[in-house]
Amino acid sequence: MEIPILSLIVLIPFLFSVLTLLTKNKEQARAVALLSSVVVLTLTVYMYLNFDSNTAQMQFQEFAQWVPSLGINYQLGIDGISMPLVLLNAIVIPFLILFTWNDEKNHSNRFYALLLATQGAVIGVFVSLDFFLFYVFWELTLVPLFFMVSIWGGPAKHKAAIKFFIYTHVGSLVMLLGIFALYFTAWKQTGTPNMNIEHLLSQFQFISDGLSRNLIFLALLFGFLVKIPSFPFHSWLPDAYVEAPTAGSVLFVLLKIGGYGLFRVSLPLLPFTPSMDLMVTVMAALGSVSILYGAFLALAQRDLKRMVAYSSISHMGYVTLGAAGLVSLSVSGAMFQQFSHGLIMSIMFMSCGVINRATGTRIINDLGGLAGKMPKLAVIMMLAFMASLGLPGLTGFIAEFMVLTFTYINQPTYVIIAILAVIITAAYHLWAMQRTMFGVYNQKFGVLKDISASQTFSMAIIALLILYFGLNPSPVLNMMITNSEKLVSLLAVTGV
Amino acid sequence: MLNKHFTIMQILTAVYNFFRPRIAGMVIAILFFAVVITSIVYTSWNSVDQIPQNPMDQSNIKGIGMLIFTDLVVPFEILSIVLLSTLMGAIYMAKGDGTQ
Amino acid sequence: MIPLFYYLALSAIIFSIGLFGFMTQRSGIRMLMCVELMLNAANINLVAFSSYNADLTGQVFALYSIALAAAEAAIGFAILMSIYRVRDMINLDKINVLRW
Amino acid sequence: MVDLTLLTPELTLVGTGLVVLSIGLFLNTNAKKILSYLASLGILASLVLVLTNLGNGGMLFNETLSFDALSQFFKIVFLSVALLVSIASIKYTEGNSHTEEFYSLLIFATVGMMFVASANDLIVLFVAFELASLATYALAGFEKKNPLSLEASMKYFMIGALSAALMLFGISFIYGATGTTSIPGVAENINILLGSPIGLLSVVLMIAGLGFKIALVPFHMWAPDTYQGSPSVVSSLLAAGSKKMGFVAAFKVFMVGLIALQAEWTTAFALLAVITMTLGNIVALSQNSVKRMLAYSSVAQAGYITMSFVVMSKTALAGAILYALSHGFMKAGAFIATAAVIYMVLSEKKDSEMPDHIDNFRGLGKRMPITALCMTIFLFALAGIPLTAGYMSKFVLFASTIEAGLVWLAVIAILNSAISLFYYARVVKYMYFLSSEGEKIAEPVPYTVAMIIAAIFVLAIGFWSEPFIYWAMEAAKVLI
Amino acid sequence: MAIENMAFLIPVLPALAFVLTFFLGKKLPNGGAIIPIIAIFTSFVISLLITMNLLQNPGQVVSQSYNWFAILNVGILIDPLAAVMLSMVSFVSLLIHIYAVGYMSHDKAQPRYFAETALFTAAMLGVVLSDNILQFFVCWELVGLCSYLLIGFWFEKPSAASAAKKAFLTTRVGDVMFLAGIILLFADIFKIFNGSIPQGVYVLRFDEIFSHIPEIAALNTQIFGFEVSHLTLITLLFFGGAVGKSGQFPLHVWLPDAMEGPTTVSALIHAATMVTAGVYLVARTFPMFIAAPYSLLIVAYIGAFTALFAATMGLVMNDIKRILAYSTISQLGYMMLGLGMGAVIGITAVGDSLFHLINHAFFKALLFLCAGSVIHAVGTQDIRQMGGVGKVMPITFATMLIASLALAGFGIPGTSIGVSGFFSKDPIIEAAYLFGESTENWFPYLFSIVAALLTSIYIFRLIFMTFTGKPRTSYGGHESPAVMTVPLIILGLLALVFGALTKTSFGNFLKETFGNNFVSIDIHALAEMGEYHLASHGSGSEPLIILWMPVIVAFAGLLISYLIYGMRILDMSSIVSRNNPIYKLLYNRYYQNAIYTEFLAVKVVYEGLSLAGRSIDRGFDWLVNFIGHIFMELADGLRQLQTGVVQNYATAVITGVSLLVILLKLIMEVF
């Protein structure tokens, strides 16, 4: 029997987030939250097991009418592009809840409610096939994060929350303009209003004048670039990531909807935009510049968490660069980079959180010699840092290698710029690692106890996943490759 | 009767003093007036050439009466409600609480 | 017979004077008088058009608007009285607690 | 015989008004509570009656009153707003010896609005318009002792009277040029207005008259002071109710009557819409009084709705009509929530000079959870966050602007709604993220009931928007 | 044939040992050292058996490969080149592990040490075994990681932590060049297959690459104005990686600082195995090098120069381990020079340089281990404070002497009598001479001879300063325990005997590397492409004096250091002093530290680019805040319009009406 598995995966987090609001104390709240995330995990794994990874078609489709007069309907589906990202969220969230198992937060039931709501919204974005539903979930991801940063954030949390909220809101509104234009031109051409993404994308090439096609493509691209974030539109990221509580920053990192939009919407549109090669060079340029820019800025940071935030900008540059490579393996490399970046960054932010809670400061120069006092954290953090700087045998390298090698074929100059950044990436990672973990122990912290059992368990499992997918990426990579082949084949059709 | 002879100058200065603080209002009112007059002048009103004088009964009370109670009866009724509510509102506002 | 234009010109003049008064007068009662002036100017217009178009609705409308003017005057004076009771003055330009 | 059943909603309402008035004379003060229940029931009955004969339309009193989808839709808007206000004012007029005046004025104002909705003749329109205004002048100044309330009603009255005069002047010219006062009649013999400058003048005069009610920019000056000064329940009636009356009157006059002069008034409305939106949103940024901020926000929202005059497509009109309905609920709800907060502030310290200052909202999440939650829903709806009525109506409205190719207008509207996010989020921030030392307070029941109803409708329109959009489309068919 | 399918066990067993020791280490005696020792021993046995098989029929090469992901594979290739390296690496690693049991006996983090060395051995074996360039790169970086972990083993010491960081970063620069080479190579092959790679073809496998060498050589690009063939570019980028890993001239700065780690680590990683990975890379991809014009010449020049450059610095070092570190760099220079000589003697160059690599591994490991036991006993690393240790530690002294002799290279040319160092270094010098003869370019030969002289000077300086003479400071020196001396003795024997025994069979065993079932290339055809004209005859036909030159130089070095340090007849204070400019230059290691760290890393990269970037970022931030600020200013401004006076409102209404009429009139006229 056809159980609506996708609706379950999206709606359970929302349902349980309301449930957690009603719980009285912390213990109940976290138990309910964990239960919900575990249920979602099992459903996702079940779905993954009978997911056919060598067809690019949409699977587990669900359809229900919502607002027929505007052609909006509740349509869900999943394919190679969205499956890994849903898997990423489903895997990391339970461990995130485990990680925050015993820190004393006020209103912890609200905290877990917001966490689950974000999970629901993010998975909603990945699985919705209707542009209206896509946009609704896209906006919904902002609201719980806004609350989370503002309530449990760091010292300058209000400014950061408002800035992040408005900045990304403007981005998504511009995207909304693109969606409207696409929606109405399609309505005019086909006569019936229909909000299905597939349908709108296929109608895109019949739009007569090239300028409006360009404008639509740019509006959508702008929305995604703000969310990734790529170079010029990134100034909301450092404040938001740094001021957010640990769980908040991890949620930010799991918020991969910018890159997802790039693959789901921008690439299919690319072949039909009149000034296509300009667009491709712009994307490649933005990608490589944000890699270099992020790396240099990470080197210049004194605060560990801010450094990790900038390194996240640098890593996300690979996504844009890979997408601009327009070779099936460079696009799947970019998708894999999203997946691996999610895993790696969640551990890095968790370790920043632990250091901050244990020593009270995140300034790298004040820290020192923590490895002696916190060996377990040192090992896990070492693995995360190594993965992030692209050590082979871990996911970071696979993604970087695929993006750089296969994008070189179409965009040699930008890959050369990106390669320079690899050295700088190694530099700031090692510098931070050495200043915080090794060297002489700073006595003013007194006695420090190592990370708690639940934290070790959750971080260790994610570390093992990084190792596993580093050594054997194909379970996730094959489905990405089939889908990127389909995306790239569109280009071949139009004789690029 | 004017017990004092006002020279033209005094009148002008008085008029000027009266209008001086209100020059802005003056300008705007004249502007509005000009706009209305120009639009009236440039429109060709198709008015009937001779006002229909009904020699035998000068008044058109009957016509008005018929009109009020056939075509425009709804405004009439609404007007009754208007008067009632305004009355009530005015009395409420005006009536003091009996202290002074 | 008097061309329609003169009536319209007269009503425009009266309307503008009402406007000027409304904008510049400081006392509330004078402003109310100016509102009455403006409404009557509109009435002149209505009646003029009604007679020149040989159609009585204009006059009925004028009647109704006179009633409305009366209602407005009533509520206006009631409000001014309650302001006077509270503020002992009705120079409306002094009453600007609610601003920005 | 003329089918009077169409008129039953109005008649029941007038009936309840009179009954409330007369019974009120015999009751002593604390017995007057049942009056408020009676009035609410009356309004509810009238609403039910409108809903029952939603299907059948028709003309009455030889075409002076027309009952069609548009008028029924707006009657629903007026009656639901009036219902919310009357439920909320059960608490407001508690222990006030003049509850019968308050309620009858409220009911007569709603009657006025309903007649404007189904007016098909300029005279009926003008008289009903004046009825609504006159009734609300007294309501605005209901707190005779409070100088702010008096100042508010004075300003409202003065500018209202001026606008009435301007409108009358405009109607006189339209009557003069076209010879008839029935709106379809005006549309037929429009040729004089078309050819001569008087057409332009009468259009502008009508815009001035109606613009006062809608609170478009040059004519909006009274709105912030009146909304802030007058009692919150009355300001919610003004913001949610009478503003929509202005809109339906504008729809009728411009889209039906002066359709031929479309070129003139589209450019006028385009100009006014953009300025209203931007000024409303920007000035709202720096307001410290929540009621004044809500006033400016409703000025801005009026700017959004006026966009439909510029776009002139069926979907745009449907969007504007839906916006009118959802804005009614959102704004009424927001003002009632502020009323609850003010009630809380005043119950603590009598003489606080600015009870609706944003600092009083500090830590509301803890002190009045239901009010805070409803207020958050209204604010996010006003900002246009998805799954709320605000988002759905903005979606339809902005989408249709793009469809008509007016991309610049859509971009300005989108940026404005982005700016608006800031001052809405600011209030939410005060409510949830800043703490205050006050302890939990029993929230007044009528306010909560009204707010919950409003919140339910806001979410309903956002979620199951199909029926509402369908009715909005039907209403739009009447005009275009 | 059962041994072939056991081949994958070679790297897997030490990796398993890493996991076991890391987790169970604490519970087992001396940090669970026994697990890696057993694992490496089995790997050594398997590789030895495979080498034996290969010796019988060199044509039969072990090659298995499985699909890893997308179009890339994971595989094993054991041809003569790999077999030799496998046996050497596992054998040396085994001995050093046994030695380390004693050396690290009182260190509390033993499990971590043994786990990391086991992981290192696994990674090194992985490098040697891999059959495609990507897997080679993956293990190559893992080896880099292990050296980072092991150099920074005593992470409490800030100097160790920064040395580890420096090592990783410098090798990382080399690795980036290596990665760039792989990317360029892949792009060219992708172009050759014009866009669609057939199913089942593993693009980056060595046989695939070598079969496409002619097409790659045909492509060329414009760089800074002059024409460069892609093949040269790729090979030079690979060589860049090798320079980084093997500490050749520009990227050698990290190797001396790597001495911060325990001595056994220096012995294992910075003498025998890791640093030779660079040489192995050039050897493995030798067909590409020989087909690329100029690249072999550059390899030769850099190799020769590094040999001399490092030797000069070795002279003035006072820390025993730093002397050996510079000696390693110098010997690696020799190996690179040997490979470079391929330009003149073709395939035999690979045999010669590999032979030197294997021998060097033995005697350099021995030198380090002896130094380790000296430090273990004496407690200091500074040779100026040592003296007369020989009397107290006879075995260490004897084995150290043998190793020094091997390093200097004493033996009788033409006969089979001589230390292993002689048999491996000598052919390289002769090849250099041949190179000089055929291309009139005598620099390589000159550099190699002078370097040989300096080598014997600094090694015997070390011997005399530490072991002979009167003890300069009081130390309770005692001979190291058996577990440390036994490996010394074994290595000593090998250093003595291995060279003589295998000098001829080693050469022709390695000739088979590129002519077997896995890959068969015509070296001569490739050489033409690379414009190298191979000399027709082998070495050995030079005049007598050239034959004996290396031995003469070795003796001269011994004599000089004996006079200066043994007998102390010359007063060195005038030379070894601050004001002597040459000494100061050498002592400050040509101010490399100043150039690299202060200027390049800190000034240019950090202050220059990063802080500039940060100010740009602040600019962005300010811009976003400024937009917010504008709106607030505007809000306060527009707010004042609301004066609160009714009359003003009325004026606004009326002006609004009149202006609207006039404006509309204008607009109507315009459109």
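Here are a few things to note about the model shown:
As written, the chains take the letters A, B, C, D and E, and residue 1 is the first residue of each chain.
Note that in this section contacts are C-beta pairs under 8 Å (C-beta built on N, C-alpha and C of every residue); 3 or more make two chains touch, one makes a residue touch a chain.
Quantities reported herein were computed from a predicted structural model and do not represent experimental measurements.
Common neighbours of chain B and chain E under the contact definition above: C, D.
Between chain A and chain B, the least number of touch steps comes to 2. Among the other chains, B has the CA centre that is most remote from the centre of chain A. Central chain (C-alpha centroid nearest the global protein C-alpha centroid): A.
When each chain is reduced to the average of its Cα atoms, E sits farthest from chain D. If you average the CA atoms of chain C and of chain D, the two centres end up 26 Å from each other. Centroids built from CA atoms put chain E at 37 Å from chain A. Look at where the CA atoms of chain C average out and do the same for chain E: the two points lie 98 Å apart.
Mean C-alpha position of chain A lies 43 Å from that of chain D. Touching two or more other chains at once are residues 24-25, 28-29, 32, 35-36, 39-40, 45, 71-72, 75, 79, 82, 86, 89-90, 92-93 of chain B. Chain E has residues 639, 642, 644, 646-647, 650-651, 654-655, 657, 661 in contact with two or more other chains. For chain D, residues touching at least two other chains, in rising order: 123, 127, 130, 134, 137-138, 141, 144, 154-155, 158, 162, 166, 176, 197, 200-201, 224-225, 422. Annotation, chain-chain contacts: A-D, A-E, B-C, B-D, B-E, C-D, C-E, D-E (touch as defined at the top). Residues of chain E touching chain B in their complex: 647, 651, 654-655, 657-658, 661-662. Residues 35-36, 38-40, 42-46, 70-75, 78-79, 81-82, 84-86, 88-90, 92-93 of chain B touch chain D in their complex. Across the complex, chain B is touched by residues 1, 3-5, 8-9, 12-13, 15-17, 19-20, 23-24, 51-54, 56-57, 59-61, 63-64, 67-68, 71-72, 74-75, 77-79, 81-82, 85 of chain C. The touching residues of chain D, counted against chain A in their complex, run 380, 385-387, 391, 395-396, 398-399, 402-403, 407, 410-411, 414-415, 417-418, 421-422, 425-426, 429, 432-433, 465-466, 469-470, 473.
Interface residues of chain E facing chain D in the complex, by the touch rule stated above, are 631-632, 634-636, 638-639, 642, 644, 646, 648-650, 652-653, 655-657, 659-661, 663-665, 667-668.
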